[in-house]
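Chain naming follows the written order as A, B, C, D and E, and within any one chain the residues start at number 1.
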Amino acid sequence: MSLLEVTNLGISFGGLRAVDEFNLTIEQGELYGLIGPNGAGKTTVFNMLTGIYQPTDGKIFLDGKDITGKKTAEINKAGIARTFQNIRLFGDQSVLDNVKIGLHNSFDYGTATGIFRLPKYFNVEKAMDEKALEILSVFGLDKEADVLASNLPYGKQRELEIARALATNPKLLLLDEPAAGMNPNETKDLMNTIALIRKEFGVTILLIEHDMKLVSGICEKLTVLNFGRVLSQGQTTDVLNDPEVIKAYLGE
Amino acid sequence: MGFLTYLVNGLSLGSVYALIALGYTMVYGIAKMLNFAHGDVIMIGAYVVFMCMSNSGMPAVVSIVISIVCCTALGMIIEKIAYKPLRKATNLAVLITAIGVSYFLQNMALMIFGSNPVSFTSVINWEGLSFADGALKITGNAIVTIITCVVIMIVLMWFVKNTKPGQAMRAVSEDKDAAVLMGINVNATISLTFAIGSGLAAIAGALLCSSYPSLTPYTGSMPGIKAFTAAVFGGIGSIPGALVGGLLLGIIEILARAYISSQLADAIVFAVLIIVLLVKPTGILGKQIKEKV
Amino acid sequence: MLKVEDLVVNYGVIQALKGISFEVNEGEVIALIGANGAGKTTTLQTISGMLTPTSGKVLLEGTDITKVPGHKIVSMGMAHVPEGRRVFAGLTVLENLKMGAYTRSNKSEIADAFERVYESFPRLKERQNQLAGTLSGGEQQMLAMGRALMSQPRIVLMDEPSMGLSPIYVEEIFNIIESISKAGTTVLLVEQNAKKALAIADRAYVLETGNIVLSGDATTLLNDNSIKKAYLGE
Amino acid sequence: MKKLNKSTQKLITTLAVIVVLYIVMSIMDGTGNLSSLMSGLLVPVCAYSLVAVGLNLCVGYLGELSLGHAGFMCVGAFTSAFFSKLFQDSIPDVPRFILALVIGTLMAALFGFLIAIPVLRLSGDYLAIVTLAFGEIIKNVINVLYVGVDSNGLHFSIKDQMSLGMEPTGKMLVNGAQGITGTPRQSTFTIAVLLLIIALIVTHNFVNSRTGRAVKAIRDNQIAAETVGLPVTKYKLVAFTISAAIAGVGGVLYAHNINSLTATTNNFGYNMSIMILVYVVLGGIGNFSGSVIAAVVLTMLPEMLRGLSTYRMLIYSIVLIVLMLFNWAPAILKWREEHGITTAAIVGKFKKTKEVR
Amino acid sequence: GDNSASTGSSENVDTSGELTWKIGGIGPTTGGAAQYGQGVMNAIQIAVDEVNAAGGINGYQVAFNFQDDEADPQKAVNAYNTLKDWGMQILEGTVTSGACAAVSAETYNDRIFQVTPSASSTSVTEGHDNTFQICFSDPNQGTVSADYIAENGLGNKIGIIYDSSDPYSTGVYQNFATEAANVGLEIVATEAFTADSKTDFTTQLQKCKDAEADLLFLPFYYTEGSIVLTQANKMGYEPTMFGVDGFDGLLGVENFDVSLAEGVYLLTPFAADAEDEATQSFVSKYEEQYGGTPNQFAADAYDGIYILKEALESANLTPEASNEEICEALIAAIQEVNYDGLTGEGMTWNAAGEVSKSPKAVIIQDGGYVSVQ
């Protein structure tokens, strides 16, 4: 069974058909790319996969389970985590706390335990701190654990967002333009990090990116969206050589 | 006939709310602040009209013009001293300062005008219209207030949509920093907004006290709160929303008092407000902008 | 045309710019490159008056504009494509573009500007009446760029204008920069895509943690090994 | 870890200061060295502080502006006073007060919870106006609520006293606009300080717990909070309910300190809600100790200004504006930083931490 | 306009050295009820000045200190405590019922003697042996009004409008309604308003009009009264208007068209245009010092000082006595007092703290009060 199976997904905004008849199958462990011109509907697909938008048509299955129309939080619990095209961190909280919020559902103690500081509070908090630092260290962010998230430079914020998403222990990780605003060297580092987290956390990754170096460098398969519809789908090299794709997206 | 009478009463009460709400919404929509002192500027405006008209015997129109000038200046001064320094602070800080300004104006008025109520001479001399042999009366005050409201609403909408300063206001309301990058003078724009809002307050003061003729230093505070409610009801920031919200609030208040319970009318008005907002979370005409992710 | 002298900018205790100086001549395209957090955005924001420097001077055509309020600087002929796009989310695309032309009053000039922007970004024309806040990331970037061009500036500051754009549009953006430069507009360009930026720039400055560490002719820098290694990813 | 310690440290400092003040005040009061005015203000100040702490949880951590917290205070006050009146002669003082406290708190929490379910779907100023509306409804209903007791049991009316149909010997418990008169005076300074300390600890522990973190996350970015799997509605409810409950405790204290409990605009209407909001904002959004300081200072201020006679409220309003500018205007803050006139320097160790931005 | 606010000084007898009587006053001098509190403050000041000029009470001068309570119970208690710190021995206050109930519990505990010029609710005096009212109590006013209307056949169908958020107004209304039932008056409409909506009475008036009420009973203050009269006039509704003591002051509203008040009955112990010398002297002093016409609140307050004086003199007290001694002695003494003042002749007090004076029903004619007893 595939990890993610999307059939005939569609959504309209007023008169605009932003996504139409979108199909996608991702197998466990794949690193999958979603590309396409600006305004093709890529972010909208992410929004539907995570329940932020309700699709007007189609079905989404994760691990065989139908998650169409579920609430965002439930979808996350079912195993999908994401980052955002415009970074959305908890800016007024520390880097460490950002990750601990990601860990929220993996560790448990009740509100009353917290208010009365029962022993369980201290144990669980300690375990959360350790786990969070462990995740942060993958990104080399553990040294900045106490810094306010909004004071991090842009690139680090993107990494923190990935760390936070990983903390929710997802099966599928959605990354929306993770390399935007990074220079080629930083992008290279990011590619290594993505490879590393895939190995370490065993997650499947679906990413949107306009940086072809990153896409061709790490994605195994690609889907190209154009005007809300699938233009091409398949192995990365095949897709990138598809004349339609070159014409609509890559140029040259 | 009873119902029609109540409806007319509701309309005339509502039109006063609407007039005040227009000023609220104007300032809120552009400067993104709840100007809790607005009601008190109205009170000052009413006193100025009263002084000019009843104490100095000037004609109503002249009095109102003087009052508009005074209130406009007052609004701009308040903005400059109390609000402008907090431009970059949280909105709540300005809200609290506005409360301070509200207390200040009330107590200032108390010192100057004393605590005794004065009976306000209506600025409108017209008896109004009378239908069905006097069984249904619409007072001149009500008619003038409603017409004033509609005219002001149309002018404001036109102004904001079609003039340069209006455009600047919209840009400032969206994003002050980006507005600067368009070459817009944010301070001047906000100051202008306050000037307009306070000028409207003068008119509102004159018409409020013409319909409800007792004037004290605290006259503005309750209508201020009600009008704020009306502005939210109609969709705060929306100019036609202020009109609709004000009128509806007035009508609901009167009908609740007439048909349900005069003791619980206030509670009923607020309950209706809550219900409407639950169904339409951004008010009747407020635009619902879903954040794009 | 633009001269920056010994600029120091602080965010509270953090010193983001530690006294940088550089110059942009009339008609030039100057690239400002540097890693994340180097201070590029801070530099542009200080020039256009969004930030006040702790010390130092900014001169525009010889006049000191350090203390001039932001909106006046814009009316002096400077436009700024800000980081993070900063489009007016609640206004339509058309209204956003109109805002761009706020300082202009000549109707036919504005009409021309519209035409040119629509020509460069046909997508914006298609979406004239869509609220800017609901545009896709790339579309918003186009709008930010188009809005800045609406004022027909003599000098334009661009903060990562190619960010989030698809490869075709990245090409397009650089073409546009070249063409407005040809038409006489001076450009100060901040770009992560240093290779492309250097390719169209006349000169470039390299910023590192608040200091200018290198400067020179763009083609020379493009072939500089340390630059290649640090910023071009080669 | 370091940050947590810092905020705990701050809490401990605050509590230490409160305890010291408590001891000093109690000794002065006991030895007759405290003026009647001060001694009379001890309990009300604690009550207002409590409500401010409750509201600060809502404004500072939930990130929602409530203009109806006086309503929750009102619920706490009236339900507890009602209970105390009803059982004035049948339950001994101490257990009755404890029960009244529990009832007032729970009722305020219940109202908070019920209000929150619909209200938290709204945001920003819409939420503010609905909470304001709620507070006004409570006030309005209490003003026309008549409850009496006689040998036939309880009688209720929302019209007037006559429609209760009571026996002549019956006792009025809630008498419309006259409210509740003769509530036993049981709020002592000791109880008030104790409750305030508990509230400070509870709120501190809450915002630094797993739930509190989630609440802050929701405040900072609701969509992001949802995508990391936080049940947004649940946590908003929890925070709002706790916030209302604390306001209710303030109400209980207030009610058991005054003979005539009425619901007017000034003591339980929007004027009071706004006053409490003033404490919260002036003291620092998210800064609980700050709320307490602001509540104390602003309650004392008009009393201290009594010597100025009619200029009193005028001066008060000017001081309020100046204080706001002094504490919030960015330009002044910068100037203060440069000249070392920080909050820390002014109010000893009560300094603002990073989390209180 | 009148600027009584700025001239009202609350403490102007120097208390240095010599022993004085310390009399405190409490009432709203700011906030929505400020006009009532300021009137009381000014009147007490006049009385105190007169008493001092005439040699004081039992040979001791009187020091007077008035504190603002914004008509709020808690603030009233604060004001009371401020006065206690000042050394107050006797309290004349507070002006409004809700606040007064809170303070009278305090004076009761502290054993400080208290008279209130205007707080008419029974909750003020109930269970407090030390508190005495100078104004009519709510039950008194309500009952007397109903009786008077019935006896004189002023109206057949009665409409009532009252302020349901005000203890005073509800108190009078309830007693009126109860007594009305006893004397067989028909009440055809009972409408309320609240502090939050006290400017628009058109609906309430309309409902009374629709119910064909020919007499409106209006137990509230003159500020709202002036609006009710204006709005009824605009509607062309002309029932007999019957106010209680709160209506006194109506004619003093600046710029008010007094012709609207023609034929209004009210129950007031005081008429500012009365011919007697005491009233004339008081009114002229008031007008001279503070501007504006004093109303019944002021007159009651003025009487209050003289009543205290009489009681103190009959008990033969000096300021050396403790508060408690003064209190106990005055409780006994005031019940023996029989005082002729601005607000009534032969005023006496019972142990419950209620005044017995004959309420004067007056009718407004030609812009002045005409007694219709």
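Assume a contact is a pair of C-beta atoms (placed from the backbone, for glycine too) under 8 Å apart; a residue touches a chain by one contact, two chains touch by 3 or more.
This one's a predicted model, so the numbers in the text were calculated from it and none came from an experiment.
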**Message:** Spelling it out: a chain qualifies if it touches subunit A and also touches subunit D; which chains qualify?
**Reply:** B
**Prompt:** A-B or A-C: which has the larger count of contacting C-beta pairs?
**Reply:** A-C
**Message:** So the centre of each chain is just the mean of its C-alpha atoms; given that, what is the distance between subunit C and subunit E in Å?
**Reply:** 74
**Message:** As a quick test, compute the distance in whole Å between the mean CA positions of subunit B and subunit E.
**Reply:** 36
**Request:** Could you grab the centroid distance between subunit C and subunit D? Build each centroid from C-alpha atoms only and quote it in angstrom.
**Result:** 50
**Message:** Can you pull out the residues of subunit D that are in contact with at least two other chains?
**Reply:** 136, 140, 143-144, 223, 310, 313
**Request:** Spell out, as numbers or ranges, the residues of subunit E touching 2 or more other chains.
**Result:** 5-6, 29-31, 164, 192, 194, 196
**Complete:** So subunit A residues touching two or more other chains come to 43, 52, 84-86, 88
**Asked** Can you list every touching chain pair?
**Response** A-B, A-C, A-D, B-C, B-D, B-E, D-E
**Prompt:** Which residues of subunit B touch subunit D in their complex?
**Reply:** 28, 34, 36, 82, 85-90, 92-93, 95-97, 99-104, 106-108, 110-111, 225, 228-229, 232-233, 236, 263-264, 266-267, 270-271, 273-274, 277-278, 281-283, 291, 293
**Request:** Going by the contact rule at the top, pick out the subunit D residues touching subunit E in the complex.
**Result:** 35-37, 39-41, 44, 136, 140, 143-144, 160-162, 175-179, 181-182, 254, 258-262, 264-267, 269, 303, 306, 309-310, 312-313
**Fill in**
Per the touch rule, the subunit E residues reaching subunit D in their complex are 5-6, 8-10, 29-31, 67-68, 70-75, 77-82, 84-85, 97-99, 101-102, 104-106, 121, 123, 126-127, 163-167, 169-171, 173-174, 177-178, 192, 194-196
**Asked** Taking the complex as given, what residues does subunit C use to touch subunit A?
**Response** 33, 35-37, 84, 123, 130, 134-139, 141-142, 160, 163-171, 192-195, 230-234
**Prompt:** How about subunit D: which of its residues touch subunit A in the complex?
**Reply:** 1-3, 202, 205-206, 208-214, 216-217, 219-221, 223-232, 238, 354-355, 357
